[in-house]
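Chain IDs A, B, C, D and E follow the sequence of writing; residue 1 opens each chain.
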Amino acid sequence: MIVREKQNWLRLLFVWRGSILKDILPRLVFLFLFSVLVVYFRGKLLDYDFSFNPVPLTFIGIALAIFLGFRNNASYERFWEARKLWGSLLNTTRSLTRQAITMSGLSANSPQVSLFVHLLIAFTYTLKHQLRQTEANSDLTRLLPTSLATSIQKGQYKPIRILKELGIWIQQRKQEGHIDSVTETAFDYNLNKLSEIVGGCERIANTPIPFPYTLLLHRTVYAYCYLLPFGLVDSSGWMTPLFVVLTGYAFMGLDAVVSEIEEPFGLEPNDLALNGMSKMIESTLLEMIDLEAPFLPPPHNSFFID
Amino acid sequence: MIVREKQNWLRLLFVWRGSILKDILPRLVFLFLFSVLVVYFRGKLLDYDFSFNPVPLTFIGIALAIFLGFRNNASYERFWEARKLWGSLLNTTRSLTRQAITMSGLSANSPQVSLFVHLLIAFTYTLKHQLRQTEANSDLTRLLPTSLATSIQKGQYKPIRILKELGIWIQQRKQEGHIDSVTETAFDYNLNKLSEIVGGCERIANTPIPFPYTLLLHRTVYAYCYLLPFGLVDSSGWMTPLFVVLTGYAFMGLDAVVSEIEEPFGLEPNDLALNGMSKMIESTLLEMIDLEAPFLPPPHNSFFID
Amino acid sequence: MIVREKQNWLRLLFVWRGSILKDILPRLVFLFLFSVLVVYFRGKLLDYDFSFNPVPLTFIGIALAIFLGFRNNASYERFWEARKLWGSLLNTTRSLTRQAITMSGLSANSPQVSLFVHLLIAFTYTLKHQLRQTEANSDLTRLLPTSLATSIQKGQYKPIRILKELGIWIQQRKQEGHIDSVTETAFDYNLNKLSEIVGGCERIANTPIPFPYTLLLHRTVYAYCYLLPFGLVDSSGWMTPLFVVLTGYAFMGLDAVVSEIEEPFGLEPNDLALNGMSKMIESTLLEMIDLEAPFLPPPHNSFFID
Amino acid sequence: MIVREKQNWLRLLFVWRGSILKDILPRLVFLFLFSVLVVYFRGKLLDYDFSFNPVPLTFIGIALAIFLGFRNNASYERFWEARKLWGSLLNTTRSLTRQAITMSGLSANSPQVSLFVHLLIAFTYTLKHQLRQTEANSDLTRLLPTSLATSIQKGQYKPIRILKELGIWIQQRKQEGHIDSVTETAFDYNLNKLSEIVGGCERIANTPIPFPYTLLLHRTVYAYCYLLPFGLVDSSGWMTPLFVVLTGYAFMGLDAVVSEIEEPFGLEPNDLALNGMSKMIESTLLEMIDLEAPFLPPPHNSFFID
Amino acid sequence: MIVREKQNWLRLLFVWRGSILKDILPRLVFLFLFSVLVVYFRGKLLDYDFSFNPVPLTFIGIALAIFLGFRNNASYERFWEARKLWGSLLNTTRSLTRQAITMSGLSANSPQVSLFVHLLIAFTYTLKHQLRQTEANSDLTRLLPTSLATSIQKGQYKPIRILKELGIWIQQRKQEGHIDSVTETAFDYNLNKLSEIVGGCERIANTPIPFPYTLLLHRTVYAYCYLLPFGLVDSSGWMTPLFVVLTGYAFMGLDAVVSEIEEPFGLEPNDLALNGMSKMIESTLLEMIDLEAPFLPPPHNSFFID
């Protein structure tokens, strides 16, 4: 999520920033040294020849391909579903803001509409804090009247509390006679969607890919990489460390990327930019009621970096 | 679903808890001893050489890759769809609770709203009991007035009975003049969703992956693993048992994980944490009407362990 | 769909009931004898050596893997979509029954509600009969008043006729002043869903996977299996028939399972249990209006066997 | 889509009708002769040996597997989505007809309802003509009053014009006081769906799979097939032409099927049976208002042949 | 997206226009020359033999197949989802136009309806400009009254501003008494959809496939292609450059196509034809209110070329 502009194919080969290579370099160096030792000692260690024909490795390779393919797809789907949920959060809060402006019988710059929009922004931030297990307090007090912020702060499921407040807000418009039950239902339809977004994010955060998959893949990858030098030493000689490190780069690299992608709400480099997206939602909702965001929104198409 | 915190890549290689290795260890030991015997006796048994070229194994390997890939994907999709249905159950019961609080014309702490919320909680528990074929009685009597509990207990399709009671509850609000048919329809929309959740769970529980797939895969995996030592003994000698056990770990391990994942409503280690999710739904719904759950809800992001 | 309880991994290797082996055994025996002949005659037939290097088989193997993987996935998706449509039929008829009980202004045991529910049950049975091209008459006369049964029996698209009757039933409630157009629309929403279910089932029944796929796969599988003994005889000798039969079991077995799964509304062992599901819908709808099904509904989680 | 009844596995090997073999036979014959020449001249042509080790072919084979697998899946998804859109067209026109009969305040045999149904049928036929770029005029004049047919005929987007007429029809019912805005909205919901069906079909017709994919796959397939004889001649001798043709049958056959499936609205043998489906929609809608189709509708489950 | 008509299989082999070959030709020429050097110097360079057995390449090949397969699928899904969003834009603007004509109580040629339709067209163009980061001003002033164009021009999120204007337009119809809240909700339902379309496009534009995937794939492809000549030189001699270039064409070609497809809103040859689609939406909406588009709309089924 760091480098955006299209790159020349040649320069792309030597990019360092944003590469997974940074993370796995020590492991690759170690694997390289190990391979060098295997080549150096071949046939010499205690008069026993540990090298072997590479055929058995292709059998483990089949299993590896299935594991890697599956775990990669499942993780990317989690990542992309999480992104879709936050995209849907953007769409739904925009729709609710539009409804508050044009269907509630109130003018766009009335304090009630402003409260409604700030509740939506607070909803976004509390969801972010819940998913990252950080403290929502400073955002709540920044966005909401103190008494409301305090009451929400007490709850265990803060976004759901705010959802209830949004429902009460709509109920009040109805009691004032500004809206009838048809319009109330149109609002309610979007509140249902917000409820689904919270539940969807909780589902991804609370239910990881079953742990045995991670273990099976992780162990098979490392067993494979460390058996590789023994299988290649006879046919490849001093080229062995090169091949082993290349293969190790591909497999360990994928294993490492997948571990980041798998939990998309974390704080690792390739996780979702929840901070950037929260600020973007704040900025677009405030623009709709002609207020300005308290920070400079980044230029389009390049701001989703946490 | 047991180990949550990110682990060091090195320590991950030696985790025992939550590993499928526990379950398949006896089979791997047996396969190991079998391979040792094959290597020891090669060429000696009745003057007949049972070893062979490993090429034919790659042909069976193609079939194996297709079977494993398919059954793994289909099983994981069942698991994840089941999880989505329970996530949807959470969202929909929350939405219905919000509707009961803000749209029914009753206050959040009225006994009727409390009954409605307890019906939703009872719905959740009876669905869990139906899927696991356990007895719903104790949860029904804990949550509902005795007469209602008794009447629901008699039915074969208990969640559907509760759905009908929820419909009657809404009908009563309409007869009291608190809601009109528009609001009734907004409630009804979410009751339809609950109906879809029950049916979706029943579908997964009642229609397994066609049995011949399980047999084809299971038999091909074991035939493959037990032919492997004959194919490798000539080229790999005393390294054979190591390769066979590694390959066996990968294939038998996946076969075993998939068998658990496939029926996500069971009680095996990697099945869905229906107990944890039911308690979570109880706790979040009660919080919405300012009641406390009769048990300590676990901290976020780490409680879905049955 | 026959064996449900979890089986010991060892016993699973020797299950006969529900195995596809029953269906393809004669073909495997024939393939076995053919392989024996190839091994016996190698190099002897007219002084010409028909054996060859197995490498070319791996090239055909790539094509085979793509065909099998694709056709298997496409067939299973058809099977599972058909199952989802019938699951949706269950959910929607339950929702319509709940609506008839709680939203039509009639009591649950009124004759009109009973007619409505019996129309839904008749809808289910006529859909089953249409998909299996069997005679709906006996079920229609069992469930509906004679005049109605006769009029529906005459139509070519019977489920659509019943859908129209359901629409007329709702129209009558409106004309009686029991429901307004909002409630009528809530009913109508679920009738739209029934219309989608009929169309979805017709789509799967009327549009098979394009025939050339079936031919391409079927022919490649058999060509591959019958070339295999020539490719293996040099390297594997008398082990050849064993490998050939194992590979044949895997590929021919998958080809045979897929042919059954592909047309999920048929009567083969692995097709959908439309009888069981129809009875289950009848039983759950009747329970909702406190009537008993005319047959003993099977215990949960084990009844979807036709 | 031509052969429907289940066939004996043996007879299936020799089916000619509906096979793709018809289309690619000349190419296979040419490939066969080319292979024969390669075998005949090996080592002799200008004293230079053009044969080579088949290993490099496996490297191209990896790319081929990815291309074929991808393009096949993407094409089949286009085919199946197109089929789903036409299935949805059937469902939605049936639902609109049911709504016109039971919710418009008009009787099923009134001229207005008949006009409405004929507009739906004309919608179906104009969509078919737009997708196949054929002339809609004869169907329009057959189905609609002359003035209406003429006015629609003038438009560039005919189905959208008819959609507008359907909207005007509903508006007239409202102006007559037969329906209120709730019922109008229920109709409108299904008109939105028709709009989505038109747009979905236009999307598939207007946006093919990006052309470079087709080129990459097509060229790799043919390069692969024509290199194959050089790679196999050393190890397989006079068996080479057999293997080459078999592999060519599989790869060229898939390439040819995929080209047909990819554009599902065309007129090739495996494209969608838009004529059959249009007639089926006409027949089922007319049955709902007790009119007869002007042609004999084919028996169920066997009529989708164009 | 350039060549539409079905081509003869033979001519398809020699198409140049629209081929990715144009883009990667220099890289292939370089790879070819590199391979020639490898073959020429084999065994001679400093008395050290750099050639090696090709087996290790198959191990890297497994990783390559997983990477290429995944990135290709993920990119194509992005491309196709983006296309679906623009298809949905077409459907939804058509539906809103139909609603404005038939449900707003205004006649199709009233200035208000014309304003509404022009707002929809302006919505389409501003979305295009936002996604391509181009200047919306000329289209805004062409389509909208100056004051409105100026006010929208000032906003950062222009399509959302127009969405708000559409909401205000509907509100005005309600205040005039032309529509009730039911019809307002029917409009609002489609405005929600437009909001989802904007958010969906922003999601695809702002969240690329995680960058490490691109790097891992790109580097593995080039490492693989440049190691290939060393692995093939021993067995293939002077045929090596041919094989290397063929394999390089397949892998580098796919890598290059995928890079274009991945960002579907760009201006490269295989990106979406946003200009063509915007004009098509303008033309079809104007036709619905009997106005003519200010440009000649291209003939059907061949106009989506930017």
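One rule holds for everything that comes next: a residue touches a chain if its C-beta (ideal position, glycine included) is under 8 Å from a C-beta of that chain, and two chains touch if they have at least 3 such contacts.
Computed from a predicted structure; not experimentally measured.
With steps allowed only between chains in touch, the distance from subunit A over to subunit C comes to 2.
With rounding to the nearest 5, the Cα superposition of subunit B on subunit D corresponds to a rotation angle of 145 degrees.
We define each chain's centre as the mean of its Cα atoms; on that basis subunit C and subunit D are separated by 24 Å. Between subunit A and subunit D the centroid-to-centroid distance comes to 38 Å (mean Cα coordinates, whole Å). Multi-chain contact residues of subunit E (touching two or more other chains): 58, 64-65, 69, 180, 182, 185.
Neighbouring chains touch in a ring; in the direction leading from subunit B to subunit C, they appear as B, C, D, E, A. Residues 1-4, 6, 9, 12-13, 15, 18-21, 54, 57-58, 61, 64-65, 68-69, 72-73, 76, 79, 83-84, 87-88, 90-92, 94-95, 98-99, 101-103, 179-180, 182-183, 185-186, 190, 228, 232, 235-237, 239, 243, 246-247, 249-251, 253-254, 257, 260-261, 270, 272, 283-284, 287-288, 297, 300-301, 303-304 of subunit A are the ones touching subunit E in the complex. The part of subunit A that touches subunit B in the complex is made up of residues 27, 50, 52-53, 55-56, 58-60, 62-67, 69-70, 74, 130, 133, 155-157, 160-161, 163-164, 167-168, 170-171, 180-182, 184-185, 188-189, 191-192, 195-196, 198-200, 202-203, 205-208, 210-216, 218-220, 222-223, 227, 255-256, 259, 263.
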